[in-house]
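You will see chain A twice below: alongside chain B first, and alongside chain C after that.
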Partner chain A sequence: MIAEQIVNGVVLGSMYALVALGFTLVFGVLDKLNFALSELFMLGGFVVIASVGLGAPLWLAGILVLVVCGLLGLVVEFVSFRKFTSADAQVTAALSSLAVGLIMIDLVQKTWGGEPVSVPVPIEWRRANVAFFGMQIQVMKIVILAVTLVLMGVLHWLISRTAMGRNIRAVAESPTFATLLGIDVKRVNQQTFFIASALAGAGGLMFSLRNGIASSDIGFTFGLKALAIMAIGGMGDLRGAVLGGILVGVIESLAIQFGFGKLGEIIVWALMILVLLARPGGLFGAAHTTEQRA
Partner chain B sequence: MFDRRQLLASTAALAVAGHAPLALAADKPPIKVGSILAMTGIGAVYGILYNAALKMAVDDVNAAGGVNGSKLELLQEDDQLQPSQSVLCFRKLAGMGAVVELGPLTGTSWETVAPIANAMKMPALCFTASKAGISAPPYALRIAPPDDTAIPEGVAEFMKLHPNVKKIAIAGDAQEASGAAGMELFAKMAKELGLEVVATASYQTRTSDFSPDAIKIRGANPDAIFISSLGPTSLPLVKELEVQGFDKPILLNSLVWAGAGFIHAVGTAGKNVYTIGFSTNDVDPANPKYNDYVKRFIERTKTTTNLPQPVNVCNTTLPYDTVFLVADIMRKAGIDGTTPADKARELIRAGLDGLKAYQGINKITLRDTGDGHIKCHLLKANAQTKQWEYALAPDQRIKTPAAFKARG
Partner chain C sequence: MSEPQLVVTDLHVAYGPIKALRGVTLHANEGQTVAVLGANGSGKTTLLRAISNMLARSQGSVRINGADTAGVPAHRLVREGLLHVPEGRGTIGRLSVRENLRLAYDLRPTRQSFEAALELVFARFPRMSERLGQLAGSLSGGEQQMLTLARAIVNRPRLLLVDEPSLGLSPVMVDEAFAVLREFQTSGMTILIVEQNVRKTLSFAHEGYILRQGQIVASGSGAELLRDPAILSHYLGAS
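And now, the complex of A and B:
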């Protein structure tokens, strides 16, 4: 059971990591927190429900999640961040993104109600499992892990090997110098928001497929954990977000196995405090920030 | 000779004189009745459902002439299922002149509000919370049967249906008062019945992923699971258990029976799911009043809510009964809209003091704890119809209620 819990924790953590990556990406580029990402995660499941309801097959619904959430990310960028460019507007922009997220929750609740809604995934898909060294592992978990790894790989490639990634890193380092170098900072911001939001939507998509439900209040819980994970991994560090997510997922799963489930989210926050006490910059933050952004 | 102006004035005077009592009644200010429900957030699906029942009751009372010539006016406050918010709402309603408060919904909120009701000398009547021992007479009474009678009654029928169950797992929301209390009662029942508890999984109201809990439970290989948490929290756990291939009976306490979402969303995972309650959407041949309520409530909620259809009537009869109970007390005490709020509250408190039983749609017996009792039964989820049904035929159901002390 312990090995099975560890595998389960890695899968769970990979979904945390996707949202944390979104937070990290925006924070790394703009130095601002985009709280609406939590609700874009929540929206991922509902876009699947709406798409399938309109007759789209699941694979197309998956693509639509990325596109819709990405586009909504552009809306968030325009509404909550475009005008707040000064350094002292961090709180205003973050609050504005929080407000946009609350509007998303309200709209979802007005459309689908306040309780969890079933996601139309054939139960056979969700129940299919393989035996592996005495463990029972759902195929869906393997698929989620694979998709998450692919998305993380694509993100890494985008950031480190493409012109767009180079521009993102330049803006993260210094928007002023990036402008002087002829980089369109506004476009880079939009690209960053699109990617971060699509990642959050992908996380929500996989979460809803795995659990068979979409819930309007899931974003808050997941978003808070993703923020803690960002701090654990190191603010603005992509590797930290991935490692922090998996670490939190595994620790949560093991805590439940050993009877500490009632502690709930305290575990995540206690872990964050411990990590920050030992390494104030997070697991990667202090030592690698400059290198990562160079 | 009358000129036209005098004729009109005389006619108007006659008309007013002829309808004087009616005109006076309509002129009386309304009696303010407060309610605290979760209308947004995780508990909205409960709040919307109960609000529909409260409004229907208030409309029915008013259509029948109101109370001593005054209409009832429902003041609705949204606590978002947050106990701290419930307290603020309660104080706000008192400030607005409500003479009685109905709600809040959860045990956590009720045990927070009940002492304040006594401190502020404002009657409060809860019609849902299931944690036992938290009502606070004389001002704070609960009409609903709490889990200390509902769980023993439900488990007794569950064991009658599944006599081979020997090992159980207990899971529940340790953060929410009713969830945690339900877990303790399940453990107590297991001990009394000689059942072995092979695993316990505690989680929180906002737990987002239940796969670790399901793995733990499945690994312990119980014959059945007893779960105590609200519908939105229980649903993902039940779904996860299905995914992990657990196909043994699952008994959930009444927290999932109430509300509209669980039964509509549980799907095939509801194959072996049971809960505890005292009514279904089905016709009750012995209770025409109930049948009329069900028909009207389902019809009304089609147009007034965005709840999944057909709605689950569940315990919505209780807020309806509560409004009529309060109206009866006010009628007998001579309360109308002109009665000062403080005096009206005292009169209602006095009326509640003497209450031993109430026959509305439900037959409610008042206990010395300040809680109600209605005989509960085992209900089974029907995934096809998306309705709860009695798990046992009428002649198979256990008629003897759980032990409790009625008001003396």
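And now, the complex of A and C:
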């Protein structure tokens, strides 16, 4: 059924959106790509496995994912971004974060092996369905959507309503002017990395809950798609990341429904190329502002 | 001990091989207005950026309220009462006017509430009350300059560094900007002002320094410098 595939697409898209939000937050503030986010997404599922293995209930495991991935984000900021502050260090920082991501993959494979590991979710969670407008929808999918929606709501509130969000937006526009207003840019960077990494981890958490497995090799492709979504939505644009994620998720799911299978992925890349040709700033993004100096 | 509020001694700053400041020494007593004048490229902006620690110095010292500022992060200096208004305003365009003022208020919250601070702004700039919800980037140049000065009203710095406040303003707005600076002066704020508008600035500053290729070549009270046409025409090209 098409309606069911659309629901599946929204579920998938919300996971894309979480990772794309991470990319776009970091990009908005530092104008740099943090490739380690792809592997923090991958790590999300393994943090669940480790936490449950240590006896944590699933809700606590979920919170631990946010905290552990957030803290790892601080490590990434320190190792790969702190020193590379000039605008022309973009490549250096991106490569360094890519390397940190590869180390994460290696460590996961050393610990759990290269094969997918099953995530200990109660079987009834995966079996239970509810009827919704004549469709049968897995409870798990509803949980995933609800948690994602809450996370996005919290993010929106943080960014638009709190002092921290105001500082983040000020640094995103001009680190120089923000400093002149007494804002500690280093601290804002750390906050940004923590939030972005926790979001990517949450995406991985949702992915592992939906699939019932965690796997060390999913980060790269998923992360690349999240990057494409960021470009489609507009670099640095939070709303664009969410809408772009859902758009891509739905298109992919419909492509599968209509028997295009793996071609669904090609559609994503083609869509990115077309959107960028037509609107280089993305569907929702504004033109980039250039840094001004004091 | 009554060391001046700002003491700059033998300050050297370089951008790579370019020596922008070559041994600048000046001071500002508490409550004084000090002007730094000089032609384009003489190092005025560099001087302000070095004082606010936005630029590292290669030699010399800057002391504010008796303490050397070497190694103090720029944002910390702001919290201790130094406000540097950069060339081209320094407002955050994608934040609302209210949020811009809130940033200035938060970095040094006084005993008064934010709302009370806003009332002070409206008393000076009635138009600001209509602009509160608007993005700062959508204000006109003159309004942005008002916002910049309004920020100083909420922030109440002890030491204000201001870089060419009259740049790009209409004559009416220039008068308005100087009127506000005069109010700051009367309220006892120490002001270090960099300007091209020589006559206006010297007639309101207590002391003036003339900067040329990164060095101080003349100094004196505002009135003295104004009376010395040789200095004015020779170093500033002023008519």
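Heads up, the rule we're going with is that the second predicted complex is superposed on the first by the 285 of 294 C-alpha atoms of A that agree within 3 Å, B and C clash if a C-alpha of one lies under 4 Å from a C-alpha of the other, contacts with A are read in each partner's own complex, and residues count from 1 in each chain.
We adopt the following convention: a contact is a pair of C-beta atoms (placed from the backbone, for glycine too) under 8 Å apart; a residue touches a chain by one contact, two chains touch by 3 or more.
Everything quoted here is computed from the prediction, not taken from an experiment.
With chain A as the common reference for superposition, the partners chain B and chain C occupy compatible, non-clashing space.
In the superposed model, A:Arg279 lies in contact with neither chain B nor chain C. Once the two complexes are laid over each other on the shared chain, residue contacts for A:Asn8 go to chain B alone; chain C is not touched. Legend: residue contacts after superposition of the two complexes on their common chain; A:Ile123 is shown touching chain B, with no touch to chain C. Contacts of A:Arg239 after superposition: neither chain B nor chain C is touched. For the superposed model, the angle subtended at the Cα centre of chain A by chain B and chain C works out to 140 degrees in steps of 10. Touched residues of chain A were counted for both chain B and chain C, and B has more of them.
In the superposition on chain A, no contact is made by A:His156 with either chain B or chain C.
Superposing the two structures on chain A brings chain B to within 37 Å of chain C, judged by their nearest Cα atoms. Across the complex, chain A is touched by residues 40-45, 48, 174-175, 200-204, 206-213, 215-216, 219, 231-232, 235-236, 239-240, 242-245, 259-262, 264-265, 267-269, 306-308 of chain B.
Taken together, the chain C residues at the contact with chain A in this complex read 45, 49, 52, 54, 73-75, 78-79, 83-88, 90-95, 99, 102-104, 106-108, 151, 163.
Residues of chain A that touch chain C in their complex: 163, 166-167, 169-170, 172-174, 176-185, 289, 292-294. Chain A meets chain B in the complex at residues 1, 4-5, 8-9, 11-12, 106, 109-110, 113-118, 123, 126-127, 129, 136, 138, 140, 207, 210-213, 215, 217-218, 220-222, 225, 252-257, 259, 261-262, 264-265.
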